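Down below are the structures I want you to see.
What follows is a pair of complexes built around subunit A, which joins subunit B in one and subunit C in the other.
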Partner chain A sequence: MLSGLILLPFFSLIILNLPFRALMRRLSFGLFQCLALAQIILVLSPSVFLSGSSSFGVDRFFKFNLINDNLTRLMLLCIGMVLLVTVFVCRYTIKGPSERFNFINLLLIALIGTNGVVMANDIFSLFVFMEITAVASFILVAFHKKADALEAAFKYIILSEFAAVLMLTAIALLLFICGSASFPAINAALKNSPQNFLIMPAIGIFLCGLFVKAGLVPFHAWLPDAHSAAPAAVSVFLSGLQIKILGAYTAIRLVTSVFGYSRPVTQILMLVGSVSIIFGGLAALRQSDFKRMLAYSSISQVGYIFLGLGSGSALGLLGAVFHLFNHAVFKSLLFVNAAAVEAQAGTRDMDKMSGLAARMPLTGLTSLLAGLSAAGVPPLAGFWSKLIIVAALWISGHYVYAFAAVLGSLITLAYILSLQRRVFFGKIKAEFQEVKEAGFALALPALVLAAITVAVGIIFPFLAQMPKF
Partner chain B sequence: MVITVDIIILIFMILGALWAVMTRSLLRSAIALAFTSAVLSVLMFKLNAPLAAVFELSVCTGLISVLFISTISLTHPLTWEEIFQHMRERHKRFKYLPFIIVAVGIGLSMVSVKLNLPLPAPETNNDMRIVLWNLRRLDVIGQVVILLCGVFGVVILFKDEDKK
Partner chain C sequence: MVAKMLVLPIIIPLSAALLSFAIRERFRRVQAAISLSAALLNLLVALKLFKTSFEFVLPWAGFGIEFSLKSQHFSNFIVLASAGFAFLVCLYSVAFLQYRKTYKLFFAFLLLAVSFTNGAALADNLLVLLFFWEGLLLALFGMIAIGNKGAFKTAIKAFIIVGISDLCMMLGVALTGSLAGTLTISKINLPLDGLGSIAFTLLMIGAISKAGAMPFHSWIPDAAIDAPLPFMALVPAALEKLLGIYFLARLSLEMFRLTPASWVSIMLMIIGVITIVLAVMMALIQKDYKKLLSYHAISQVGYMILGIGTAVPAGIVGGLFHMLNNALYKSGLFLSAGAVEKQAGTTDLEKLGGLGKKMPLTFICFCICAASISGVPPFNGFFSKELLYDGALQRGWIFYALACAGSFFTAASFLKLGHAAFLGKLGPDKEKLKEVAAPMLFPMVVIAFLCVIFGVFNFLPLNIFIQPILGSERLGAHNFSGFPADLKLVAVTIAVLLAALLNHYFGVKTKGSALKAVDHIHYALGLSAIYALAEKRFFDPYNLGLKIARRVGKIAFCWDRKINWLYDCFIVNLTFALSGQIRRWHTGNYSTYLVWSLIGSCIITLFFVFSL
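Right, the complex of A and B next:
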């Protein structure tokens, strides 16, 4: 069944670009929605997912060695969800049928890439699918060919390829040490020869590459430009999904299943994570561009995932994975809100806005819910994941990092309230009197994502059984 | 003798790479990159890695070069004045590049001699079909998707500009 999650988008991509392009253009939007929805339904249906056989029969010809565990399932759910939201936003913000068709082609490639990353059981395959996602992202950022977007895409290409070179070097070193690229073989080889002097440089180089992909400080230079200059739908994909799959998920998978925890690794993860939390939060406070503030906020929030992972405990890992899911939900929601505000008010400059909640009540409410979840206000979903991370750090004796996590949460609350005050609260300005709520294509995903944030927050304490990774 | 030939091939490869970086024309730069890639594939053949060599020759020298050249053909060429301006800046920027490459190369070779690292045995037993279709099937699909993505990139970012 798992192979289908790579092969179906691949064959869809080929079919869409066969002759009868006019028909295919009309079908492309619905086809992508079906694929994303099917992925969500399959992931939520364990019996179908775990059966190991494919109802489409593709496994007979294309059997891959893929990972099939709870972490992968959760990531596949996030991918399906965020890409479904992305395609809704694209319907609202990308007008031309030809442009939209090209956009959906690129989203299909991104779907193949991200699905491949979360299911790869081999470090070289992981690298190949990371590059597929990255190359699709470069083109998506520059999609409208505006000067700032082209500059941001160029900056992103340079830094991302620098990261790719680092990771490829690390893979070469690991192949040299272990003689194989598969995760279990590398894990076994590293356990058998822990004293090999090349192991730590290889892991360190690979982690540096992942920090660039995740946009963590001090490797974050590309992220605010790319996320703010990209089209609205692309920002949802980049911030809601891409940096977490390429950076955070890969780090979680490799550290827990391949490299294993060691003192230098946990120290590096916690240091980079906490610096990113504080720096990203403080930088977000100073922004007046709606999307740029959210981009810096992403740096800060991804820092929490790395901090939880770096705590080295099962509780910290649970917090990291839970925060990864929560961030995918509330950051996608915030970018959907940003798209709605930009489309309706015609600006992203928060200093020029005021009192939009009076004309856009749904956007105002969902944005408040997402922002409070990001700040870790109970009983929303973000509160629980942050609480677990802080508790894990405290229990493992990392008091300074626990303090940094709490401080980061306060900074998050400060910039979220600043955003709400400047954009949604207060008296509405005269030029925005005619503004109205965005259309169905933006309202539906905003409502669904807000419902998930609230529902997960309320249900979480009642969950008796925690997922095992 | 064998090592001397390898070093000569490596020197050709570095010269090709430097040409790709230093030349004033984008088209020549793409050709230089293809040349570098072709020399690298010769080196791979000599090091008993025929599979990697075939891939390097077909994908990097062939397909990627076609993609580069088709993209370049869709862009507007610079004026002579702009070319000379770029050349001046580039020479200023990359003035020390050859010396750095030579120094790094000597340093790395000294480190590898000092550590006396054993190279892993080359994979010569497996048939290419088995390697590509049984062992690295997922990567083959991935390579195809990356190439498709490159084609989409050229079409989306350059085709309309060409019409204008």
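Right, the complex of A and C next:
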């Protein structure tokens, strides 16, 4: 059944591109929606994964060795959710049927790639799925073929391929040392020969590649350009999902079950994470482009995930995964709002806007909720994940990093409030008098995501049992 | 059944007060009727309660806090006295406040004050006492605030001064409770050692500030000018004195065993004489009828505190008797001031004169009360003061001498007041003046009559009211009724009074006017400068406190600006500079970005290599 999550999008992709293009164009949107929804439902229904064997019998033809644990299931949920939102936004912002068809094809490839990344059980498949996702992302960024988007995509390709080179090198080294690419084998080999001269550099090089994919400082430079120049729907996918699946999830998976928490690994993770938090937050503070500010904010928030992971405790890991989920929710929501504002007001320059909450109350309210969740204001979901991360750092004795996390939270609040003040609060300008709320396609995801943020925040303290990974 | 009667003195005025708040402004007569009948009913209940001894306990809040009331001789006496004054002032106010806008509120607050006074007097639990004590502050605030234009500011002043001292009392209650292990007043019996004397001092601050002693006095002269006059006759002149001295006496007689040897006794006597002398010196130079009286209201408290502070039977009996007498003649004097204000339209002594012919009954009542307060035999003030002098002399001649000096200035200032207001030439616009109406006259006459009775037949109040308070154990074989035993003291007192008369004669002769009769003291060498400063409120603890608070506020504000600069300017500018720098680094040049990534990878890889 698990393999179906890769195979179904794959066959859908083939079917969509068979003849009957006109028919397929009309079907494509619904098909993708169904796939994403099916993924969410599958993940949320517990019995499916318990029956290990596939009911379709595909395993007979395709021999997959996939991971099936709670972390993967949570990631699959995030993927389904964010891609569903993405396709809603694309329906609203990409009008042409043929363009939309192409877009959905690319999204399908991204779906295959991200699903593969979170289920892959060996380091080489992981790399392949990462590159599948990355290639789809390059094209998605440059989708409208505008100058800035092309330039951003070019930068993205350069840095992403730099990361690919790093990771391939590391994989080669690991294969050379361990003789196998599967996670358990590498883990066992690392335990057998911890003092091997090549292991540590290999891990370091691989982590560098992951940092590029996750957009951490100083490997982040592609991210603000790519995320802000990309079409609105693509930004939701990239910021809400892609960097976290390719960067953060992979790091969590590899560190917990392959590399292990060795001292240099945790130190580097925490250092890079906290530098990213502060640096990204400070950079976001002075942006006047709505989406660019959000892109820098993503750098800062992904830093929290790495910081939590680097604390080396189970609590920190819980915080990191929880924050990953929360970030997927609130950052997607913020980019949906950004799409709504850009579509309705016709600009992304925050200095030109003012008082839009009067004309777009739903967008204003949901973006405020998402922003406060990002800043870690109780009782929203982001508060709990940040609290857990800070508590984990404090308990494990990393006081400076805990302080950095709190400081980063303050900076987050500063830029979020600055965003709200510039875009939504205050008196409405004359040229925006006629602005209306964006349509159903944007309002529905915004409402659902805001509801998730609030509900998770309120329910979380009552959850007696924490999810185990 | 009968024990529940104890709640009546609290419930009756309280419900009448709430009813008064609810009645519409139009139905003045209904409201006056309700207030008067409530006051009368209260008086009857108080009479009925007198000579009884009940306990009423209602479990209230846990932690040893019970709503417990206890009627005993002293409490009953206070309830009876305050009920009497409340009824008289109520009657007086009906006529006095006839056309005032604040008519309704005044009666409501008056009844509220009576209710809370009764509650505080009957309370047998320190917290219950505190509750009613603070409630009285509320009524006080309300009654001052409904006065004329500047009244609200004065009300705030009174509220802050009394509030601060009540805060001390709260601490005292807490400390006493923890020392004694109980909050029930009748069960507390603490020695006056280290912590015990601190607890006593804190509670005492609450008691004497309610009574209006220095340095908690400065709102009273302001209130005399701003608040409605019957308020002055009832609350600062009667209710607060009764209550404050009642609590002070219970503190020093029951809860703590005050002995002449303790330093607390000396402290009380010092507070007493300072209050006597300084307040009477201020009273001497006042040129306003009400304001002059208000300083005497402060000064007389000094005698009571001095008397209780002596801790000898003569002094204590004298102090308590003086409490009763003072309430009588001070109320009478304020009521006469009200009569003058009502008829002449002013209480400024420069505009008054010759009223004696037009308002003979008021003048007679004034004369009796003034003679009482000055300590002229055979009026009641004379006898209580003689007892006080006796007690003070037993403790040290300096206290006696200062108390006598106080008497001298009291007599001098009342000679000046009476002469300036009631004798002399009648102003040309005052030809049509009449005597006041019967409802206003009646309370004055009753009070003046009591002043005479309590003086001539002083065994009545002493044996019925005062001496049982001490009990036979403390009193011993003494009986202080009748004419003072020590004739030497009487001779000194009469000499002091004659000196005051001579001084007045001298002043009038040299300055040619009754109003300027004490100017030779006012402008005496050294004194005039001090007086000038005092008139500017230089010595007012409230104003001093305000000045200090303002200084502290200024310093705090400067400090706050500095902190504000740190947060609002420094951090913001630093953040903006940093973030601007970061923005400048992002040139958009991909080769730069590639170099960053390369350098980063090299550093991380090297870190891993060297961590082996």
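Everything that follows uses one rule, which is that the second predicted complex is superposed on the first by the 464 of 469 C-alpha atoms of A that agree within 3 Å, B and C clash if a C-alpha of one lies under 4 Å from a C-alpha of the other, contacts with A are read in each partner's own complex, and residues count from 1 in each chain.
One rule holds for everything that comes next: a contact is a pair of C-beta atoms (placed from the backbone, for glycine too) under 8 Å apart; a residue touches a chain by one contact, two chains touch by 3 or more.
Keep in mind that this is a model prediction, so the values were computed, not measured.
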Determine, under the contact definition given at the top, whether A:I252 touches first (subunit B), second (subunit C), both, or neither.
neither
Partner chain in contact with A:A136 - subunit B first, subunit C second, else both or neither
first
Tell me the contact category for A:V117 with respect to subunit B and subunit C: first, second, both or neither.
neither
With both complexes superposed on chain A, which partner does A:A404 reach: first (subunit B), second (subunit C), both or neither?
neither
Subunit B versus subunit C as contact partner of A:I452, first or second or both or neither:
neither
Quick one: is A:F10 in contact with subunit B, with subunit C, with both, or with neither? Answer first, second, both or neither.
first
So which positions on subunit A get touched by both subunit B and subunit C?
none
Contact footprint of subunit C on subunit A as seen in their complex:
151, 154-155, 158-159, 162, 166, 195, 197, 200-201, 203-205, 207-208, 211-212, 218-219, 221-222, 224-225, 263-264, 267-268, 272, 279, 282-287, 411, 414
Subunit A contact footprint on subunit B (complex, rising order)
117, 120, 136-139, 141-146, 148-150, 152-153, 155-157, 160-161
Under the stated contact criterion, what part of subunit C meets subunit A in this complex?
575-576, 578-580, 582-583, 586, 588, 590, 592-594, 596-601, 604-605, 607-609, 611-612
Inside the complex, what are the residues of subunit A that reach subunit B?
6-7, 10, 13, 62, 64-66, 102, 105-106, 109, 112-113, 116, 120, 122, 124-125, 128-129, 131-132, 135-136, 138-139, 142-143, 145, 175-176, 179
